[in-house]
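What follows is a pair of complexes built around chain A, which joins chain B in one and chain C in the other.
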Partner chain A sequence: MSESATDTAANSTPLRGRLALSDLDGVTLLALPAMLFVVTLFIYPFAYGFVLSFQPKTGNWLANYTKFFSDPFLYDTIEATFRLAIPATLINVLLSVPVALRVRRMRRRRLLTAILVIPITLGTVLIAEGLLTYLGPQGWFNRVLLMFGVGPVRLVHNYTGVMLSLILSGFPFTFLLTLSYLTGIDPSLEQAASTLGAKARARFVHILLPLLAQGLAINLCLSFVQTFSVFPSAVLLGAPSGDTRVISIAAYQAAYEQYDSSMASAIAMIMGFCQLVVVVLILSGRSLVYRGATGGGKG
Partner chain B sequence: MTTDRPVGERLWAIGIWALVVFFVLNFTAMVAAVVINSFGTRWFNAWLPAGFTTRWYESAWNEFQLYDVLIVTFEVVGAVILLSGLLGVPAAYALARRNFPGKQLVILLFLLPMLIPPITFGIPLATVLYQAHFGGNVSGVILANLVPSVPFVVLVMMPFIEQIDPRIEAAARVFGAGTGRLFVHVLLPLLTPGILAALLLVLVRTIAMFELTFFTAGPESQTLVVALYYAVYAAGVRAGQSIDAMAVIYMFTTLVWLLIALRFVDPTQIVTRAKNETAA
Partner chain C sequence: MAIAARDFRELRLEGMSRAFGSVNALKGVTLNIRRGEFIALLGPSGCGKSTALNCIAGLLTLSAGNIWLDKTRIDRLAPEERGFGMVFQNYALFPHMVVRRNIGFGLSMHGVDKDEIKHKVDEALSIVRLGDQGDKLPGQLSGGQQQRVAIARAIVIEPPLVLMDEPLSNLDAKLRLEMRSEIRRIHELIGSATIYVTHDQEEALSLADRIVVMRSGEVRQVGTPEELYARPAHADVAEFMGYRNQLRAHAIRAGNLANVSIGGVILPATPVDPIEEGEVTAAIRPDDLVVSAAGSIAATVESAQYHGRSFYCSGRTADGTELYFQSGRKVGKGETVRLAADPGRVLVYSRAPE
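Entry: the complex of A and B
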């Protein structure tokens, strides 16, 4: 930027000048308080929890982990969580693509996106309470089904209820993310293909999809990580001691019902590890379909 | 586009619109069911309640001590907005204007708390806060809520500051403005719309932030969303209409701010601004 200024600074005070040349000056220090804050209240607790998980109340250093993986009441929660998270993620992300493809040409896009932001904003607790009223045996949804001669369907306090809440709160998120990646793709690419006679399907498969792969992979990761940590709706809308006993419930019970923060940290670490594994799998899978630079993102 | 589209394509389009309409319809009906129930007297085996009343709001207000809960909520939200602005905006400015070595690492540091879900880091964080005697009171709730908010402000403000021409600042320097005057007379007016948008989004997110507040709040430091969770969790103890009245109060508190926020930001930014950084 101001090279002459930094040059003179380099001559008079060598260290400060050299630092300024690599853009380390007073302005850079402005980032320090926020960095310190995140290190103290995010990095440190994570590291602390990691160490704490190897200091169990009783037994050797691995006792928490051996306990987790030997007790079906605990290790089954991993399967229960995956059984919710994987279908919910796939449904949300796969549905978001065709919908976003349509919506991006819409004139009143902003209105629809504004409507879809509402479920995200209200959050899972409110959606759980709303669905309990709406999907319950006396709710409107079942009344409509009855009108069509379909008997009352049990939709709450089971797997279905949690799944529906994950879609209701998750779909707007994946949709808005896909939409922003899609609108970031240069429309002239598609027009060129169209001029050369490519049909809609061919344009999608050969042009949009490769450009979108990067964004979809990130979308899958974020959406999976969100659904894998489902908590309030699994308790309120699901069967928290049955088939929606997800891993976050186990972590919560260890921390706030058994007051075993070491065990709770261990479960939190296992949860984080599961999320990490899936994210790495998705991102490495992406490199199989991803060819060349895309610049799929808007930002 | 053209009128003579193939039938398959048209069916596909209709199917997608049907899906969107079905989604929005069900969501709207869900919200409407909550609102109507909160005003209903007795609602059993019918499309609508037998009569309408406002007494559930009175009982919800008293039973759930909503006055205290709202005071705590606004205390927490106010403090989070103030502190995340004070910490986040200068950091965003530094990251937008300087290219120092290790900058990518710093950005990653700010991305992590937003990418890792609160449930995963919430329990270790709550453990540390309880050990430092911040757990179970309002200060702990504020600190916990700042963890995702500070990075959020940084990541939302960064692109905003980047698009402001640095020559404006240089010009102010040429005319003899010191850092303080530069900040007050040049940067602040230019940044106000961005700061306003970022802080409004922090406000909306903090009102709705359940997990971190749930892990760190004591009985006297519950925010509205946590109080709502406990009410739904213990459903059966209170009348359902009373819980729904509380849910309506919660929706109202959240949506008013969302509507204000939407005047300043494009809705897609609420999820994508920060996330796009990962693609860059």
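Entry: the complex of A and C
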């Protein structure tokens, strides 16, 4: 290939050199498997679903979308999902900050981190099963309450059950992310602030929070997308035909109960659009905060 | 109103100690520092000098001892209540704030009103000669400029005491020299006391009014640069002050001067502590051991580095003692030279080198 390049112009650099200038070299080939993976498992199914959603069983090309937005049984699922996803995301991310602030100074950090990470490894279904028995009408929790003459309270098969499970399985994730952002902030910045007269609260507001904001935005996005697509716990712990009839349940029913994969694709597209709107909103708010390095100078 | 240090008479460290687990990083440091003094804490890495500085700043609590600022005991106070200015080794500038906000941060934390903050920040910027850089982020500045911002941020709160932790170690050689005189100039301008941690004896000698040499968490010697340079009180201090030749010698007493025998050659020398006959340490700077035809020590040259005015050489005597010396003329490897030393510049310490 260098021959053809030198043929065309005597003083031009060979192709390999020109490619290297734009950061393309042999190592770039290593990205190919990953790209192939993304194309076959993400881009192609997405494009396929997108096209499929405009080929309804009956009616014109927009029939699926018209149906979704004219049937309250369907369009109410958007609200139900937001009602779960937004509070769960906010609780998980906001709670992770004080916990991470405390944990980063602890000597047994690894042990505590391991304990907090266990829910991730268990998976949603196991957590849901556990909660069903523990929080159920005959579970330990209600029995203890009864002993003190309170209750029983209804904590499963409703909104509360799903919310508890979303916090239990989502918190370790947000916590780990926040902890890693927090430990990435140079500790000498806080020390400098304290020698300049800043008390703990002022150090948090003026130093830690602005440097953490970027990470919290990412954390909010990831956590939101995760909770927005809640399915197992909404079915197992919630009221899948009532309060917690989330959008993924509607998609599931279209695909596997009515065998209308075109409608299911349309619902999936609407779901994706909702997630995209929120993520774009969060990320555009990010431009208001500082986004550079979190070190204090030359290290 | 000009930036000037808050008034105080002296800072007293009394038996200041700090342990990390079972390791005693600081063993009972006692020291008085007067207003206007420039103190250098000098020592090799791990000697406890940075620990001492952090204890004074309040970033570390003491395991024992106390710290007094005039009649107030301050060792239990949090750093934010002590009000000392500190310049960190990595500058620790707030990366999300422009230079002006970095410098004004301490003032706004102390509740100073906006007009006065602006006024004082302007003045601090002009003191460190950064008048036109106020609206940049730290990341947009060079290392030397970041250093100046860090100093401005520390002095603008008018602290009685400015603490500096190896502030020049991240700069290149030329900038280091320039900032060294800047630091001294600013110190004199605002009239605070400065405690300056360094492992560079040249920096300590040129900046400080008094040098505190530390080793293994203890103060080994306190003195003016001249005292420390000419007459280190211990062999290990001497080693740190550039007495590179630490020779095992045999002492033969002779009044104020002692004769020592190095590699079979008898040299007149100056005892630092009272010495007995027997094994001692003789310490000589390479620049005090010079090549001269009248010299009594014969050595074979092993290496010679050109350093402009002279050659820095190393060589060996017939009995295998390694010597560092200087030569005004070019000497070649393998050449035999004769070395001489002024008796006043050969210091003898009572203990033999380890």
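In this section, the second predicted complex is superposed on the first by the 259 of 299 C-alpha atoms of A that agree within 3 Å, B and C clash if a C-alpha of one lies under 4 Å from a C-alpha of the other, contacts with A are read in each partner's own complex, and residues count from 1 in each chain.
The rule is short, and it goes like this: a contact is a pair of C-beta atoms (placed from the backbone, for glycine too) under 8 Å apart; a residue touches a chain by one contact, two chains touch by 3 or more.
All values reported here derive from a predicted model rather than from experimental measurement.
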{"item": "First, second, both or neither for A:Gly197, with chain B first and chain C second", "value": "second"}
{"item": "Touched partner set for A:Leu211, first chain B, second chain C, both or neither", "value": "second"}
{"item": "Which of chain B and chain C A:Phe42 touches, first, second, both or neither", "value": "first"}
{"item": "Contacts of A:Ser229 with chain B and chain C, given as first, second, both or neither", "value": "first"}
{"item": "Which of chain B and chain C A:Leu281 touches, first, second, both or neither", "value": "neither"}
{"item": "Which of chain B and chain C A:Leu189 touches, first, second, both or neither", "value": "second"}
{"item": "Which partner, chain B or chain C, touches more chain A residues", "value": "B"}
{"item": "Contacts of A:Ala31 with chain B and chain C, given as first, second, both or neither", "value": "first"}
{"item": "Footprint overlap on chain A, where chain B in one structure and chain C in the other make contact", "value": "296-299"}
{"item": "Complex interface listing, chain B residues touching chain A", "value": "9, 12-13, 16-17, 19-20, 23-24, 26-27, 29-31, 33-34, 37, 43-45, 47, 87-88, 90-91, 93-95, 97-101, 106, 109-110, 112-113, 115-128, 143-144, 146-147, 150-151, 154, 159, 166, 170, 179, 204, 208-211, 215, 225, 228-229, 232-233, 235, 240, 243-244, 247, 250-251, 254-255, 258, 262, 266-268, 270-273, 275-280"}
{"item": "Residue numbers on chain A that touch chain C, as the complex places them", "value": "186, 188-189, 191-199, 202, 206-207, 210-211, 290, 292-299"}
{"item": "Of all residues in chain A, those that touch chain B in their complex", "value": "1-2, 22-35, 37-39, 41-46, 48-50, 52, 95, 98-99, 102-103, 110, 112-134, 138-141, 143, 168, 171, 173, 176-177, 179-181, 200, 214-215, 218, 222, 225-226, 228-229, 231-232, 235-236, 248, 251-252, 255, 261, 264-265, 267-268, 271-272, 275, 296-299"}
{"item": "Footprint of chain A on chain C - complex, ascending", "value": "57-59, 78-80, 82-86, 88, 90-96, 105-106, 109-110, 137-139, 143, 146, 150, 153-154, 157, 163, 170"}
